[in-house]
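Shared chain: chain A. Partners: chain B in the first complex, chain C in the second.
Moving on to the complex of A and B:
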C-alpha cells in the first residue's frame, strides 16, 4: 500500500505547505506577514518542478484504483498550481489592505488547490466527493472572508447553504448509482453500464435518476442554468481575488472532473445524457449572456458572463470526443488566463478606489491607461475577438462541437458570443469614452484616506502585464499548449 | 529577388503590425516622433504593396507570392498560408494607397495621438491580412481583427452629429457599427464551421481555400449544402459591404469616424465584405452562388437606388458621402452577381475606384470640417471662393462618382452596366437611373455647398496646405490615371476573374 507513496509527494507537500503557512502566521510579527504569500508562492513553484519531474508521462492507477496519475492529472495539476501562484500574487495587495489574518487566507487557498488537484485525479466516486468537499469548504470560508463586509457575509452564507444542498444532491445521486451498480470505481461503473446496455437498450430508472442527480449536483458547482442562482450574489459579495479564484478554479476543476466522470464512467450511457447536457449548455450560455447585458456592477456582470462561458464549456462535454476534449481543455486554459487577467486588473482598480460599479470605471483610460488597456484586451478576448486567446479557444471549441454533429449548438454559441460583445463593449466604452466620476477622482487623489492609494503596486502591474502577454501569446501561437493538451486528452480518450 | 518575393507578403503584414507594436513604447508627449514613425511605416507598407502589385505576373495568374506556415496540426489543420491573385493584388495596392493618405490626413491629431496610430496600424494590418491569406481561418482572423479597432477609433476620436431633432452620438455610432459587423461575422463563422464539417465528413478537414475549391470541384459539397450555406457568406460578408437592408451602420459609422478612419473604412474595409463573398462564397460554393445571385443582384439594385435617393435628402456633407458609398457598393454587388466576366471585372475595378474616390471624398470633407467646424450643407455656401483647390478636389471625386468619362468610375460603371445588361435589361436601366440620381445630388452639393454667394463668415478661410493638397492631389491623380489608362489594373483583375469564373457555366 505504501510502495508508491512517493508519487503522491506533490499532494502531500502541498498539504504540508498549507499547514506551514497557517502555523507560521502565528509566530510572525505583523510587519513580517508579507513573507507568508511569498513562502506559498515559492512552495508552489517548487511543487510544479517536482510534479513535472516526478510524473512526466506516467500512467498509473494507485491504491486499488482510487487515484490515477496520468497526463490528464499532471496537466491539471500544473494548471492549478500555476493558478494558485497567480491568485496569491493578485491577492497580496488586496489582503494586506482590506482583509485580516493573511495566514489563514493563503493557507485556505492552498487547501482549495489541493482539493482541485485531487478532484481531477480521483478515479472513484467517494474519493472525488471528498476532494470536491475539500475544495468547496475552502471556498465557503474564502467567500465570507471580508468579515466586516455585510455583502461578503451574506454571500458566504448563501454559498454554504447552496453548496451543502448541492453536495447532498450529488451524494444522493452517487448512492443511487452505487445501489444500481454496486461499485464506485469509474472503470467498474463503465463495465457495469456496458453490460446492462448490452442486454437492453434502456438503463433502469434508478440509475437514470442517480446520474441526473449527480449532474445536477455538479451543475450547482459550475453554476449551470437552472442551478446558477447563487452565483451572482456570491460573486458580488466575495472579495475580488476570491471571485476570480472561484470563477476560474472551482469551474475548471468541476468541469475537468465532469469530463473524467462522463468520459470514463458514464460513457456507455452517452445516448441517455448527451442531449441533456447539450440542452443545459444551451440554456446556460443564453441565460448567462442575456442577463449580463443589464448588470451595473462589474463583479456581477462578470459573474453572469462566466455563467455564459460555462455554457460554452459544457458544449465540450456534450460533444464528447477527442477533438471536443482538446477544444474544451484549450477553452479552459484560455478562459482561465483571460479571466485572471481581467480580475487582476480590476483588483488593482479596486485597491485604488474601493469601487465596484461599471460607471466607476469611467475615464480609466485617462488616469491609468495601462490598466484600461489590460482590461480592454481581456474583455475583447472574452468576447472572442482575434489576436487574443479568446478567439483561438472559441474557434477551436466551436469547430470541434460542430464536427460532432452539434452545429446548432455551435451556432447558438457563436450568436451568444456576439451578445457578449455588447456588454463587454459597454465596459470598454465606460473606460475610454466617459469622464472619471468626481467621487472616484476624489478617492484617487486622497492618498491614505480610507485605505485608498491611487497607485497600483509594482507587483500587481507586473502580474497584469504577464497575463496580458499570455493572452496575446495564446491567441497568436497556441501550438505548444495544444501539444500538451493533446497529450492530456490521449490519457482519458 | 525570388527569396524576397516569398516573404514580401509577410513583410506587408509585419510592417504595420510592427509599427503599431513599436508605437506603444513611444513616450506619449513626443507627438512629432510618433507621427514621423507612423508615416515611415505607412510609406514602407505602400511601397511594398506597390511592389507586390507590379511584380504580380498576370500572364501566369493564380496565387503568387505564396508561402505557408503550420499553425495548428491535426485535427484542425490550420495553416498560415498566404498568396495573392489577380483580385487581391489590386486590393492590396488600394489599401497601401489609402493607408498612406490616411496617415497624411491624420497629421493634426493631437488628442492621444499615440493610441490613435497604434489602433490605426492594427486596423490596416487586419485589412492587409484579410486580402493576403489563403486560409479561411486566417481570413476570418484578420477580418475580425480589422473590426476590433473600429470601436475605440470611432468612440474616442469620432465626432457627434447633432441637428437638434437628429442626434447621433459617436458612442452610439461606434456601438452600432461594431455590433452590426460582428453580427455579420456570426453568420460567416457558422458558415466556416459548416464548410469544415463537410470536408471532415469527406475525409480531410481543411481550411485552405485552394483545397476547398479543389474539393468543391470534386463535388464534395452537395447542391443542397451550397444553397443552404451560401447565404451565410453572402449576408454575413454583405453586412460589411453595406448590403441593403443591413447597411444602416455604414452612414452612421462613417460620419462619426475621424477622417482617416472614414477613409480606410469606406475606402477599404467595405471592400473586405465584397472580397469575402468572392473569396469564400463564389470560389468554394459556385452552385450556391448561381442559385442566390438573383437575390443579390436585386438587393444590389435596391442598394444603388436607396443609397442614391437617401443621399439626396441629407443635410450633412458626410452623410451624403456615406449614403453614396452605400449606393456605389450596390454597384459592386450587382457586378458580382452577374457572374459574367465583364460584370465581375467591373465590380472589382469599382472596388478599387470607389476606394480611392471615397478616400478622397472623406479627406476633403475632413479638410473642410477642420476649417469651418461644420458639415451642414445649408451653412457652408460659397466656400469655393476661399478654398478653390479643395473644392476642385471634391469636384474630381464627385464627378468620378457620377461616372464622368475619363475618370476611373466611368470605366468601372460601364463594365458593370454592360455585365448587368446581359443578365437583365430592366435592372441595368434601374442601375443607370441610380447613376443619374448620383449626378443630381453631386451637382446639387457642388452648387449649394461650395459655389454660389459666399457667407461673410468664411472670409478668413484658408485653402488646404501643401501636405493636404499633395496627398489628395495624388489620390485625384490615380483617379485620372485609371480613368485614362485602365489597362495595368484591368489585365491583373482579368486574370483573377477568369480563374474565378472558370468553374461557372456561362
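Moving on to the complex of A and C:
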C-alpha cells in the first residue's frame, strides 16, 4: 500500500504549502504580508517541476484503484497549478486593497486547487466526492470573502445553499448507483453495467434515476441550464479574482471529472445518457448566450457568457470519442487562458475605479489602452474570431462534434457563437467608441487618496500582456498543446 | 421480513421531504436543516445497501461516515456565512436576498 506514496508527493506538498501559507500569515508583521503570495507562487512553480519530473508518462492505479496517475491526471495537474499561479498573481493588488486576511485567502486558493487535482485523479466515487467537496468548500469561503460587503455575503449564502443542495442530489444519485451495482470503483461500475446490458438493452429505473441525479448534481457544479440560477448572482457578488477562479477552475475541474466518470464508469450505458447531455448542452448554450445580451454588469455578463461556454464544452461529453475529447480539452485550455485574460484586465480596471458596470468601461482605450486592448483581444477570442485561441478551440470542438453525428448541435453552437459576438462587441464598443463617464474620470483622478484606489501595478500589467500573448500564441500555433492533449486523451480513451 | 426495498422507500420518502423543505422554506437555517434531511436519506440508503448487497467490502458504510463528517463541516461553514449576513442585513430570509437580479 505505502510503497508508491512518493508518487503523491505533489498533492502532499501542495497541502503542506497551503498550511505553511496559513501559518506564516500569523507570524508575519503586516508590512511583510506581501511575501505570502510570492511564497505560494514559488511553491506552485516547484510543484509543477516536481510533477513533470515525477509523473511523466506514468500509468498507475494507487491504493487499490482509488487514484489513477496517468497522463490525463498529469495534464490537469499542471493546468490547475498554472491556473493557481495566474489567480494568485492576479489577486495580489486586489487582496491588499479590498480584502482582509491575505494568508487565509491564498491558503484557501491552494486548498481549492488541491481539491481540483484530486477530483481529476479520482477513480472511485467516494474519493471523487471528497475532492469535489474540498474544492467547493474553498469556493464557498472565497465567494463570501468580502466580509462586510453585502453583495459578497449574499453571493456566498446563495452559493453554499445551492452547493450543499447539489451535493445532496449528487450523493443520492451515487447511493442509487451503488444500490444497483454494489461497487464504487469506476472500472467495476463499468464491468457491472456491461454485464447487465449484455443480457437486456434496458437498464433498471433505479440506475437510470441514479445516473440522472448524479448528472443533475454535477450540472449544478458547472452551472448547466436548468441548474444555473445561482451562477450569475454568485459571480456578480464574489470578489472579482474569485469570480475568475470560479468560472475557470470549478468548471474545468467538474467537466474533467464528468468526462472521466462518463467515459470510464457509465460508458456502457451511453445510449441512455448521451441524448440527455446533448439536450442539456443545447439548452445551456442557448440560454447563456441569449440572456447575456441584456446584461449591464460586466461580471454578470461574463457569468452568462461562461454558462454559454459550458454549453459548448458539454457537447464534447455528449459526442464522446477520441477527437471530441481532444476538442474538449483544447477548448478547456483556450477558455481558461482567455477568461483569465479578461478577468485580469478587469481586475486592474476594478482596482482603479471600483466600478462594475459595462458603461463605466467607456473610454478605457483612451485612458488605459493596454487594458482595453487586452480585454478586446480576449473578448474576440471568446467569440471565436481567427488568430485567437477561441477560433482554434471552437474549430476543433465543433468539427469533432459534427463528425460524431451531432451536426444539429454543432450548428446550434455556431449560431450561438454569432449571438455571443453581439454582446462581446457591445463591451468593446463601450471601451473604444464611448467617452469616459465623468464619475469614472473623477474616481481615476483621485487615485491614491484614502479610498484604496490607485494606478495599476507593473505586475498586473505584465500578467495581462503575457495572457494576451498566450491567447494569440495558442490561436496561431497550438501544436505543442495538441500533442500534450492527445497524450492525455489516450490514457482515458 | 424487512427487505432492502423497505429501507429504500424510507430513504426516498425522507429525501423527498428534504427536497420539499428546500423548495418551500424561506429561512436559510431551515433550508440547511432540509439539506441535512436529504443527506440522512442518502446515509440510510448507503448503509442499507452496504449491509444487504455488499457485506464483505461495506463501502457504503465508509461513505456514510465521510458524508456525516462533510455535512457537519458544511453546516459549520454555512452558519458562519449566515451569521455574517445577519450582522450586515439583520435578516436571514432568502426572499430578501435580492440585491442582484437578472
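In this section, the second predicted complex is superposed on the first by the 487 of 493 C-alpha atoms of A that agree within 3 Å, B and C clash if a C-alpha of one lies under 4 Å from a C-alpha of the other, contacts with A are read in each partner's own complex, and residues count from 1 in each chain.
The rule is simple: a residue touches a chain if its C-beta (ideal position, glycine included) is under 8 Å from a C-beta of that chain, and two chains touch if they have at least 3 such contacts.
All values reported here derive from a predicted model rather than from experimental measurement.
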Practice prompt. May I ask you to decide whether A:466 touches chain B, chain C, both, or neither, giving the answer as first, second, both or neither?
Written response: neither
Worksheet item: When both complexes are superposed, which of chain B and chain C contacts more residues belonging to chain A?
Response: C
Practice prompt. Answer with first, second, both or neither: which of chain B and chain C does A:232 touch in the superposed model?
Written response: second
Worksheet item: Should A:267 be classified as contacting the first partner (chain B), the second (chain C), both, or neither?
Response: neither
Item to complete: For A:158, select first, second, both or neither according to whether it touches chain B, chain C, the two together, or no partner.
Response: second
Discussion item. Touch test for A:52: chain B only (first), chain C only (second), both, or neither?
Written reply: neither
Discussion item. Between chain B and chain C, whom does A:387 touch in the aligned arrangement: first, second, both, or neither?
Written reply: first
Discussion item. Between chain B and chain C, whom does A:175 touch in the aligned arrangement: first, second, both, or neither?
Written reply: second
Worksheet item: Touching chain B and also chain C: which chain A residues?
Response: none
Fill in: Footprint of chain A on chain B - complex, ascending
70-73, 75-76, 115, 137, 140-142, 144-145, 147-148, 151-152, 155-156, 170-171, 174-175, 178-179, 182-183, 186, 189-190, 193-194, 196-197, 200, 205
Item to complete: Over in the complex, which chain A residues touch chain C? Could you list them?
Response: 125-126, 129-130, 133, 137, 140-141, 144, 147-148, 150-151, 153-158, 160-161, 164-165, 167-169, 171-172, 174-176, 178-179, 182-184, 232-233, 236-237, 291, 294-295, 300
Worksheet entry | Touching residues (chain side chain C, partner chain A) in the complex | 4, 8, 11, 15, 18, 22, 28, 31-32, 35, 38-39, 41-42, 45-46, 49, 53-54, 59-60, 62-63, 66-67, 70, 73-74, 77-78, 81-82, 84-85, 88-89, 94, 97, 99-100, 102
Discussion item. Under the definition above, what is the set of chain A residues touching chain B in their complex?
Written reply: 322-323, 326, 369, 376, 380, 385-387, 391, 395-396, 398-399, 402-403, 407, 410-411, 414-415, 417-418, 421-422, 425, 428-429, 432-433, 477-479, 482
